[in-house]
Amino acid sequence: MAEIMADCNDLKDGATVMLGGFGDTGVAVKLVDALRELSLSDLTIVSNGAGGGEYGLALLIKSGSVGKIICSFPRSSDSKIFEELYAAGKIELETVPQGTLAERIRAGGAGIPAFYTATAFGTPLADGKEIRVFNDRHYVMERSICADIALVHAATGDRWGNLTYRSTARNFNPVMATAASTTLVEVRKLVDIVPPEEVITPGIFVDRMIEVGDYI
Amino acid sequence: MKLSSADIARYVASDISDGSYVNLGIGMPMLVSDYIPEEREFILHTENGMLGMGPAAAEGEEDWDIVNAGKQAVSILQGGSYFHHADSFAMIRGGHIDISILGAYEVAANGDIANWLIPGPRPPAVGGAMDLVAGAKQVWVMLSSHVSKNGEPKVVESCALPLTGVGCVNRIYSDLAIIDITADGPLVTAMMEGLKREDLQAKTGAILNFVPKCEILKSFKNEA
Amino acid sequence: MAEIMADCNDLKDGATVMLGGFGDTGVAVKLVDALRELSLSDLTIVSNGAGGGEYGLALLIKSGSVGKIICSFPRSSDSKIFEELYAAGKIELETVPQGTLAERIRAGGAGIPAFYTATAFGTPLADGKEIRVFNDRHYVMERSICADIALVHAATGDRWGNLTYRSTARNFNPVMATAASTTLVEVRKLVDIVPPEEVITPGIFVDRMIEVGDYI
Amino acid sequence: MKLSSADIARYVASDISDGSYVNLGIGMPMLVSDYIPEEREFILHTENGMLGMGPAAAEGEEDWDIVNAGKQAVSILQGGSYFHHADSFAMIRGGHIDISILGAYEVAANGDIANWLIPGPRPPAVGGAMDLVAGAKQVWVMLSSHVSKNGEPKVVESCALPLTGVGCVNRIYSDLAIIDITADGPLVTAMMEGLKREDLQAKTGAILNFVPKCEILKSFKNEA
């Protein structure tokens, strides 16, 4: 696995890393494991959650590589590792509404530095943010998020980097693939060609790919 | 006499029109899918990227690529579709979901809702709640009990807890009543059989209005 | 054809109508023809072009139904009808960069009232628009576009309204389908079910559909 | 001695690295696709929703669902993909296209470009030009002739025509020279064989710098 991360200039201390998946579905666990083995420090993780159990993101956090998490739901049935570090003030957290998180990432990939959304207006998650009225409704200005690295889990991929996903394992993966300087992908199966109408992530967004099989 | 959560879910389901696109929050709102009237089709949206969500997967037959917003293994019905997170929340934020049904700690007379955070040491987690209450055409709140365990009203003049959204709740279904949030404040349209207006008011932290002839709510327990 | 437009409250004088297609590819010509037969007035058309030849949009314009066009490229090899009315001051034009047009429509469908883009900064098409600096670069604030009606051309559709498109006939169609109060679709072929992974436009965005066959 | 448009296209193609994502503007830039060096793969993007654009369709075999930005019937190569307009311009605006190659009326010393509008009675049409010049990582301009039909310079101190974008051109390929736009202004890196620096300067409306040893450009006409 390690070779997919070799000589990648965007993998460095302090990097922002996007991690696809929702709960345990569609998470590039093998890439996360490979990232952990690099023993980087002060990473900012952008992800829907903060990891559960003793694997994947939770282990990466436990290893001390993560300085900050930007996510929507940093609690799960078993998010002990994150919660303990959080309670101890040893990890920074930015909680973002799930749709705003998805759109901030999409904006990052689409060259849109900021946009307005009604989500979170009047709530603590809009504190300190610019508020503006359009058509008599209040909106919050949100900034885009870009990353140095995106870790993506896909179903199939071809040599051009075209990807498909399987059912709700799609989730954040195609959005994050667009918003990182370097997008690393684990695919369950390398195929000769993903037919052009079936491509969900066009190869332009993919930098490196590795086949991991159906481990889920 | 109070409605059970299943009773409440049945009343909610009976108020949803055929063909509606509905997002059911985790927990009690999920019960609504068990009471879809036979002649109607609801298309269930789950914010992690699916329309046409079907029942939970049978034990032993879970496909962990097909999950709902609660990370439970579910299924997809005929006519369903998959999409990514930005597209899913574009549906929500863009006002395409007809009804978002959620639980709440508090709902205020003006439609403010607090359902995401009880201040404390645990990290604040919001998920998609703020997007749903701000984006859906209708926001309905289900309260398994009209008052909290300590007897405090959940329908209040103004929320004490951190808000999820402002002025966005359209209707409340509790174990005692169905209440529309109108420009003039909460309007009770249905009440548990045998309950008096003053009793409901006593359990409510905001001044209630009542339609002239409230519908009478009854437990379905004998039919279940 | 006319029945698809019967009793549609959003079809009215002064309505904003989005029309998918790029050149002649993926245009809902039969729906445009049906719209023309309604003899509405003062429509605003949102489209990539302003029609060419003596069919489709050009005929709709000629019929006098159109008061304004919002588009990126109101000239074609044969855009005489529009150009004559434009020269005579009888039709209003808002020229929008193609990507800004696509994104303003996408924003309309996604509940985003405004966003920032570097496109058109320093050009006449940013005149009068708010300029703002993010990360040392200048951006133009652009407002979303919503419509009363979208006229969409798709390849297949099922009874839930799920749609697929064929190759570059996709273009603006899926984006516009999200941004109108009422989305009317002509499909080449009605099918029992569009498989869930193949759906490009989920049925939630589609209000009415009619099968038109392969007329192209 | 001047380069033909085909010669210019050949020089442009030879400067594009293997695996680049390239958007070719309508007209002269399309010629570049005829001169892709055999050992390299360029992935052509067309803003109406395709990556992996292939050659023009043979006459009589056009599929009018597969068109390029010039509305010509083309083909798709293996490894290509289709997507909608918002996704296509997200690619452009988001800086994912390596090189946008366009024609121009004028390019200024600071990289400003005017290529969309000559003021007049016809309706102003812009297409995707403003998105491409603002969004692509590199913007290269092809000029079939270094000066206009009236002998006016196209490379100028500042554009007189309405701008398409500001400070966005990285390189100019004309029939006489290849010029990088640098922070210090235009820098000539290659010149037509036999052309003198002062002759090129005389046909240019901005002050030129020259690399110490300019590459010599030659016509390929004998090899075509």
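All chains are identified by letter, namely A, B, C and D, in their written order; residue positions are counted from 1 within each chain.
Simple rule for what comes next: contacts are C-beta pairs under 8 Å (C-beta built on N, C-alpha and C of every residue); 3 or more make two chains touch, one makes a residue touch a chain.
None of the values given here were measured: they were computed from a predicted structure.
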item	value
Chains touching both subunit C and subunit D	A
Selected pair, greater C-beta contact count between A-B and B-C	A-B
Whole-Å gap between the CA centroids of subunit A and subunit D	35
Approximate Å spacing (C-alpha centroids) for the pair subunit A, subunit B	29
Subunit B and subunit D: spacing of chain centres that average the CA atoms, whole Å	56
Where subunit A touches two or more other chains, by residue	103, 106, 110-112, 117-118, 166-167, 196-197
Residue list for subunit D, restricted to those that touch at least two other chains	50, 76, 82-83, 89-90, 92-93, 135
Overall pattern in which the protein chains touch one another (line/ring/star/complete/other)	other
All pairs of touching chains, each written as two labels joined by a dash	A-B, A-C, A-D, B-C, C-D
Contact footprint of subunit A on subunit C as seen in their complex	103, 107, 110-118, 132, 134-135, 137, 139, 143, 164, 166-167, 196-198
Residues of subunit D that touch subunit C when the two form their complex	46-50, 63-67, 71, 76, 82-86, 88-90, 92-93, 112, 117, 121-131, 134-135, 162-166
Contacting residues of subunit C [partner subunit B, same complex]	106, 108-112, 158-160, 162, 178-179, 193-194, 196-197, 199, 202-205
Contacting residues of subunit D [partner subunit A, same complex]	21, 43, 45, 50-52, 76, 78-83, 89-97, 135
Subunit B partner contacts - residues on subunit A that touch it in the complex	22-26, 48, 50, 72-76, 82-83, 86-87, 93, 95-100, 102-103, 105-106, 117-125, 165-175, 200, 216
